[in-house]
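Notes to accompany the following structure.
Here the chain labels run A, B, C and D in written order, and each chain numbers its own residues starting at 1.
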Amino acid sequence: YYTLNRSELAALLPQRKAEAHKGTQGHLLVVGGSPGMTGAPVLAGLAALRSGAGLVTLGVRDGLTLPEKPMELIVKPWSQLQWDAYDAIVAGPGLSTQPDGQAILATILGLAGPCRLLDADALNLLAPIPRWWEQVKGSLVLTPHPGEMARLCGLTTGEVQANRLGLVKEKSREWGVTLVLKGAATLVGSGEEPIYINTTGNPALATGGTGDVLAGMIGGLLAQGLAPAQAAAVGVYLHGQAGDLAAREIGPAGILAGDLLPRIPRVMEWGQANVDR
Amino acid sequence: YYTLNRSELAALLPQRKAEAHKGTQGHLLVVGGSPGMTGAPVLAGLAALRSGAGLVTLGVRDGLTLPEKPMELIVKPWSQLQWDAYDAIVAGPGLSTQPDGQAILATILGLAGPCRLLDADALNLLAPIPRWWEQVKGSLVLTPHPGEMARLCGLTTGEVQANRLGLVKEKSREWGVTLVLKGAATLVGSGEEPIYINTTGNPALATGGTGDVLAGMIGGLLAQGLAPAQAAAVGVYLHGQAGDLAAREIGPAGILAGDLLPRIPRVMEWGQANVDR
Amino acid sequence: YYTLNRSELAALLPQRKAEAHKGTQGHLLVVGGSPGMTGAPVLAGLAALRSGAGLVTLGVRDGLTLPEKPMELIVKPWSQLQWDAYDAIVAGPGLSTQPDGQAILATILGLAGPCRLLDADALNLLAPIPRWWEQVKGSLVLTPHPGEMARLCGLTTGEVQANRLGLVKEKSREWGVTLVLKGAATLVGSGEEPIYINTTGNPALATGGTGDVLAGMIGGLLAQGLAPAQAAAVGVYLHGQAGDLAAREIGPAGILAGDLLPRIPRVMEWGQANVDR
Amino acid sequence: YYTLNRSELAALLPQRKAEAHKGTQGHLLVVGGSPGMTGAPVLAGLAALRSGAGLVTLGVRDGLTLPEKPMELIVKPWSQLQWDAYDAIVAGPGLSTQPDGQAILATILGLAGPCRLLDADALNLLAPIPRWWEQVKGSLVLTPHPGEMARLCGLTTGEVQANRLGLVKEKSREWGVTLVLKGAATLVGSGEEPIYINTTGNPALATGGTGDVLAGMIGGLLAQGLAPAQAAAVGVYLHGQAGDLAAREIGPAGILAGDLLPRIPRVMEWGQANVDR
């Protein structure tokens, strides 16, 4: 396994060119949201923009309205999406497990082009599909917490927690995906590569929505062209750092997931600053 | 009676474990809201998150929309709620006294599991029920202001104010509840235990919505596992401190209830910091 | 005529008592809003809370929704309002001159209890009513800008500007109202009393919505029990100071009306602080 | 060609008079927005207010609702607009290329009075109209990015980028417009006048919505009476400076378009401050 330090992080972060414009920084699609669960895709979308993605579109159920919609996000109903027009896709935040999500998930799994990240209810919709990994085209990132991992593996949460490192190694290889197993020391596995063990973060992150922010951060890095294993490790590292900054500035408990957002560019700059040293 | 000082507070505050996640920090349900009165449950829900609760769901009348909904709160209509799936329940903020609230209140009173806090219009719906305390299962916290207390006791507000300490002692025992009588020196009584007299707060708190914030703070502490009497005393103490901070930083009048929210983690940290000294 | 200085201001500002609660700080009703013009009553309502009012209800056309509604404001449709239940009323912000406002204006003019402030389109609805001042019961404050004053007087704007002091003196007496004639040196007249000439403010206030903030500030002071002439002079003075603070902190142009809101408690504290010196 | 420095900027910036009120600072109409693309006109409208415009109205499709609507903006449906009642018009942000925009564009092109700026989808609706410049009355500003410029010229984006200076000179003269060709060194051409080359800005601006902010800034300056070529050059210069400030304060990537807004008055003050030196 391996960890990241500041100089290694700097080498992995996307560097903007002088002639960058919103089109060169990647367009992320976030698929999620359901009645009463509209904040999750918004958090993911803003996290992607804060991570440097050039454009973010939220793809939501037809007719769903988002009271929290910020000015910088575009919203499109599923029926009007051109699914292969995006550089990366994050699916799951606030999606719910309503049955109309199953066909959408199948569509997403079948896309050969953009790297896709599945989180939250997209994982819960995925788990019951027999041998789902045989239907997947292209690159896939999964970001389960232990309970979601248990459902994916047909184990109990306790069994997952007792064998975190082994399961990430085994399942990332078997499923052919980049696997992010969240928890106190989040792990990232990608088949043959060594496992990444995260060293940032703190218990203040134990609040609803921080997972949506993580999914958006990794998605934003994928849209900017990072390889899945690198995007996942860098995203997990920076997410923990943003949480460390929030805990230091706000308190060891009581941060909101949205408090992470303005801190993302700050921790990215901290990493990028190292390049020139 | 007793008061709290900083070191006593520190011993009562919830401490996060290294392996905390949103599921271990408690899930609070806030039941409230009505047309035009949508801000009250939102204030309560955000106050609970700011107090360290892991998840907060707002349970609202079917069809009610919340223009103020923040990204971090989940909203569910009453018809889709599984009432016993929460660690604690706050009922009342913005609820109104429309008759459809009566059946909901009866449902909440009958729950044996989660501790419930009744505030505002939930108290006004409760008052006319003859000998309501005989229907209550499990733990209950009531947070009346003097006018609501008067309705609960069949007294005038003047009679309540003239006998605050006596009434809290008598009624908390008779009703079998934790009773928070709000006012310039808020009292907390819990049957046989000594009465808590609060020493924090200031007249800047005399503005609409600060009661909703208090209800959410106590609810957030209940969801994290504090016993009702402790959650009430600690919540009242920290709420007053957040108001003191707001008055010092904003002014002796003209604070908004929402100004308290970002100050809650700061006053909690102030308390927790004392543990290690 | 007279002006205010800091120590005179301090003597006029409301002082909170230790036992203050939201009910003792006054309940203001703001009547306004129309499709696409929803921000104006919200600005007025928030300005009233920032000026120390205990509660603010926005009374709007039945069916009107306010996307900007903040958590601390209550919204009620006209059909459900109990018009005489408020300590003061501000009518006009965003109201439009749609004909359904005429009956509402008549209702408001006929109230004997709460002091009422008419601003913006309420003045435009008032102007065509022949000898409207003979229908008025109780205290009334009018806050026209020169164009609205011209309509009220049957003059041109140029004629109003050429005779500001004379018109305020004459019309406030004839109409039996407190008259606030806005402009570079806003005037306040109240029948027999000397005219107040304002010395605060700057051209950064020349942006949409600052008039709504002024109406809300005066309304908030009325709700707290200030006499109309004093509420108007103090409100105009503090509004200008908040604008001076905003210009110093943001720039000489490009402030938004909402930028004034967090600065209101600061300028009020500045005034109140003087009491003890 | 020419560039701007600080003292030249100061001479071009609008100076507020002591007797300024919202009516003397110009009223801008922003025409745009479509389902799911509501943030773009809001960004443009707020940017205009932050640039000193006195009033901004958003003109949107009948029935379109804007969840992001801020308190300071007025919204009107197209069917209720009096098109010639504004000092300037910005058309395009979030407009979409739905066919109902074509008639609106024709209306706007035919107005002889207010200067109009066309951006984004207004340019995409304009491009297919044969010899559209023969239908234009009065002053027009176009703000294409290279892809939109390519569509307007019938070229590829590569051909545009290879001949930026030449195309701006040629097309601004042929079309009789002020032409802003966006990119790493934005150009402004106006027929016979020398080309302006911008020297401010940085790659952090490569994020969705920054173009809407630029359109609003130029529109706000037009509404205050600046000539089209000057408004365009000053707007481009200040927009880049606001981006430089945001990058310095937030980070070299991950700013949101909305982060520019509070920085506009600061960079304008920086320019205006120079006048007196």
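Heads up, the rule we're going with is that a contact is a pair of C-beta atoms (placed from the backbone, for glycine too) under 8 Å apart; a residue touches a chain by one contact, two chains touch by 3 or more.
Keep in mind that what you see is a predicted model, and the values were worked out from it rather than measured.
The chains that touch subunit B as well as subunit C do not exist here; no chain meets both.
Chains that count as touching both subunit A and subunit D, per the definition above, do not exist in this structure. Taking shared numbers over all numbers used, the subunit C to subunit D interface scores under half, which places it in the different class.
Centroid distances built from C-alpha atoms place B farthest away from subunit D. Mean C-alpha positions place subunit A and subunit C at a centre distance of 49 Å. One finds 35 Å separating the Cα centroids of subunit A and subunit B.
Chain contacts: subunit A has residues 67-68 touching two or more partner chains. A list of each chain pair in contact follows: A-B, A-D, B-C, C-D.
Remark: subunit B residues 14, 16-25, 46, 49-56, 65-77, 262, 264-266, 268-269, 272 touch subunit A in the complex. If you check the complex, the residues on subunit C that touch subunit D are 35-40, 42-43, 67-68, 145, 147, 183-184, 203-204, 206-210, 250-258.
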